[in-house]
Structures are given as C-alpha cells and as structure tokens.
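Everything on this sheet refers to the single structure shown next.
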Amino acid sequence: MREFITSFRVRSYECDSYGHVNNAVYLNYLEFARMSALIEQGFTLKSMKQKGYLVVIKKIEIEYKHPLFQDDEVIIKTFSSESRNTSGTFTQLVYRKGIDQPAAEAKVTWVFINLKGKPIPIPPEIREAFDIQE
Amino acid sequence: MREFITSFRVRSYECDSYGHVNNAVYLNYLEFARMSALIEQGFTLKSMKQKGYLVVIKKIEIEYKHPLFQDDEVIIKTFSSESRNTSGTFTQLVYRKGIDQPAAEAKVTWVFINLKGKPIPIPPEIREAFDIQE
Amino acid sequence: MREFITSFRVRSYECDSYGHVNNAVYLNYLEFARMSALIEQGFTLKSMKQKGYLVVIKKIEIEYKHPLFQDDEVIIKTFSSESRNTSGTFTQLVYRKGIDQPAAEAKVTWVFINLKGKPIPIPPEIREAFDIQE
Amino acid sequence: MREFITSFRVRSYECDSYGHVNNAVYLNYLEFARMSALIEQGFTLKSMKQKGYLVVIKKIEIEYKHPLFQDDEVIIKTFSSESRNTSGTFTQLVYRKGIDQPAAEAKVTWVFINLKGKPIPIPPEIREAFDIQE
C-alpha cells in the first residue's frame, strides 16, 4: 500500500457561521490531496489529456467525526483501497494535527474515461504509481 | 412522505476547468436545499438555537451520474428516508430540468444536538414538519 | 441607461465565522449578476466564443457598507457607467431588500478580447444590448 | 516597511471554465495572506476579540494583470501602505513564482472596530506589528 500525505492549514474563509470548516470544503480538501498525489507522481490534467484519458469521480462517501477550525493544521492520508477494471476507490483520512482519531473518513470512487467519456481500463502507469492491485 | 423542492440556476463560478459543476459544489447545493426546506417550515439557525438545539451532518453519500453545466436549471427534491432516535437520513435527488434521471443522488445523515454538543431526540416539531416517521 | 436587476437569497455556506457574507463571495454575486444580464440579452460564454470573442475582468473596486446575513434577499443593479474603445466599466449596486442604502457598491472594468487574447473594440451587439455609449 | 510573504499552490477547484483562477478566489488568497500575517505576529480572531476589537474590510481595489493557473506557485507580498486614525490600507501584490511582474495588485482598506461595531483607533500593538506609520 502506498500512502500519500498532504498537509495544509485551514483558511479563514473556509469556515462557516458555526465557526468550523463547512462540510462541502472537505471535498475541496480531498480533491486537493488527490491532485497533489497525482502531481507528485508526475500526472497533471494536461499530461493525462495528452495520453488520451481523464479521471472522474463517481461516488463520495464521507463521515464527519470531529470539526476542524480556523488555523488547524490538517493532514490527509490518501491510498488505494479497492479496484476493478475501469474504476477504483481511494480511502482518504483527514486528521487534525496531533489528534490520532481522524476528523473525517472518506471513500472516493473514480473511473477512468477516454476523451469521448467512455470508461477505459485503469492505465498501467496509474496502477503502478498508486500501487493499485489487480 | 413530504417532499421539498428547491430550484435554481448553475452559476458560472461554480464550474471548474472541466467546464462542469465541481463535485464539492453539489454539497453546497444540498445544504442550500435543506436550509430552504427548514426556512420554508419556519426554522432558522437562530430559532433552533433559541429552542436549544442544532442539527449537524454526520455522513454524506453522493453518487454523480450526469454532469451539470453553467446556466442549467437545477431542481433538488429533499425528503426524509430514514430515522432513529436522535438522527435520521434525508434523501436528496438533484435533477437537471427536463431530464428524468437524476444528475446526482445523495443520502445525508444528520443528528440533533443540544448547545453543548450532546445528541438529543429529534425535536417533535421537526418530526412533524418533515414527516419523519418514528 | 439600461439597468439589469438580479435577485437571490444569501445561502448558508456563503457566510463566514463572523456570521455574515464573506467579502470574496460578493465577487461571486457580482459575476452572477453580470452573467445573468448577459444571458437575459442572449449572450452565453459559448455564443460569444463562437462569434470570436470573450470578455475578461481587468479591475474591480468594491466598497463594503453594510453586512449581509444568511437568508437576506439580495438585489443587484448592474449598469454601464463608462466606456472606451475596447473596455468599459459596469457599476453594480448590491442591496439588501427593503433597505435604500446599498450594502456594497462596485465598479467592474472589463475588456473584450479575441480568442488569441488580444483586445478588440467592444462588439456593436454588446454596445446595443447594454446601452453602452460611445 | 515590513513586508509579509505568503506562498501556496493554486488548487484545482479554484479554477473556473476559463481554466484559470476565478476572480473572486483572489480575494480568498488576499484574506489568507492577511490572516497568515496576523497569525505570524501572534494575532488570532479569538485573541483580538478578547482584547475587545476586530478588523473589518471597507474597500478592496484589485487589478488583474496576468492569469494564474492550476498548480502555479503563488507568492503574496503584504505591507502597510497608508494609515489614518482608525483605518488603513494594505497593499498586496500577487506573484506567480518566477515572474517579476505581479499577476495582480490590490489595495485593501480596513478599519478597527470595537465589539459593538464602532470604529476605534488602530491598536498600538497592531501599529507596531505591521509597522504602520502614524
């Protein structure tokens, strides 16, 4: 299992009237963590398009366990937890620095498509980069 | 079953580089639809606090089926689909106007808490307003 | 002078820890109002591209006078207030319904460009639609 | 003149259909840079409230000069450029790493208020921390 770590600070404008990070913003964070992992492995939106494919999100399940607040240091762990022929699932754990229990747990299911929008087998270079088991 | 309908147009800044509504923005839409339903039934954040309770989201599951684009008219149907003592689940179906199949389907699980953050039984006025079965 | 009116309600997730609409969200509102005016006059991003031009924002000046809160009804008045050969300025007044004084006043300066990014004279159909004086 | 430097990467969801950072997102960036400077100097929203004051934004002027794209490294320089008794202006220059010309230039005018919302003289500890001249 290859685990990717992304860390950053909660920004003021990401908090809502309750004073904590808005539920929708977690999805921004998860996307940011996945994109950072892709870039770390040499994949950009542009380079994927040039190779003739894209990845789109089919399903997200997220459980909110503890709130996050302004200036909190957030650490996200991202790893492949399931896969099929054209699609797979990443587990993403969102931590508030210094606390063992995750603040949120997510499962994000994606599918690879060609530029016409048709599902294609997961590209082998992606399987390798993210240690996605057959 | 009491169904709440919220409709609005996709705004330009809600779309991302793919040209369609960003995945996280759907959670904004779902929140907007739930809040509109609460307000329609006479509940505001302020009035709930005055009565000594708040509602927080515990879990969201969302499936993305068809993309939404700038200027699309969006219709969201929100209804209670499950409940326990202190918590329950709303199903929210997101439609692009004129298309029978939902663009996205979500299940949103919430819990009622008192102002100290402790779970409390679903308030009876909420059960009645949203037709939440025992 | 042709004035365009856009109205909508403040959404919960647009408010920040201060409990009022975040400063950056006003720019979303202004964009939404301008886009609504464009669409009302028959212009979409797509149709403008097909005609070979786009409009980009060069400068925004915004004064915040009174805060906006969740569920407030907002009314935005948009009108052309200045123009040159390739660029012009829209004044946008943001009102909280029922209050005479604007909650915010903005001047938004834009320029028309061709698809290579070069400034071009304001298209005559745009001049006409928005009553932009020579 | 004391200059504060904040740097970060453009996130995918901050880009719009044009493929570049949305105009409103620059205001998020500017807020993030100002908040980072405040925190660096030991001021948080909470600590300011405890001392009996808050700072609110009265006016923003921003000029967009060059677009920013996904994954760009952004550097923001923030410094005090003007001040009066209760209010002042920060200049904020937004750079794309490696390019000398700023991508955007902003002037942000703020005012200090007490917890009842009344303007108060700029607190001396703030004047000192940000090198705000009389």
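Side notes on the structure shown:
Here the chain labels run A, B, C and D in written order, and each chain numbers its own residues starting at 1.
Note that in this section a residue touches a chain if its C-beta (ideal position, glycine included) is under 8 Å from a C-beta of that chain, and two chains touch if they have at least 3 such contacts.
Computed from a prediction, not measured in an experiment: that's the story for all the values here.
A count of C-beta contacts for the chain pairs B-C and C-D puts C-D on top. Greatest centre-to-centre distance from subunit D is found for B, with centres as Cα means. Per-chain Cα centroids separate subunit B from subunit C by 29 Å.
In this assembly, the C-alpha centroid of subunit C lies 23 Å from the C-alpha centroid of subunit D.
Shown for subunit D are the residues in touch with two or more other chains, namely 12-13, 17, 22, 24, 28, 31, 45, 70. Touching subunit D in their complex are the following residues of subunit B: 12-13, 15-17, 19, 22, 24, 70.
Contact residues on subunit D toward subunit A in their complex (touch as defined above): 8, 11-13, 28, 31-32, 35, 39, 44-45, 70-71. Every residue of subunit B that touches subunit A in the complex is listed here, in rising order: 17-18, 22-25, 27-28, 31, 45, 54, 56-64.
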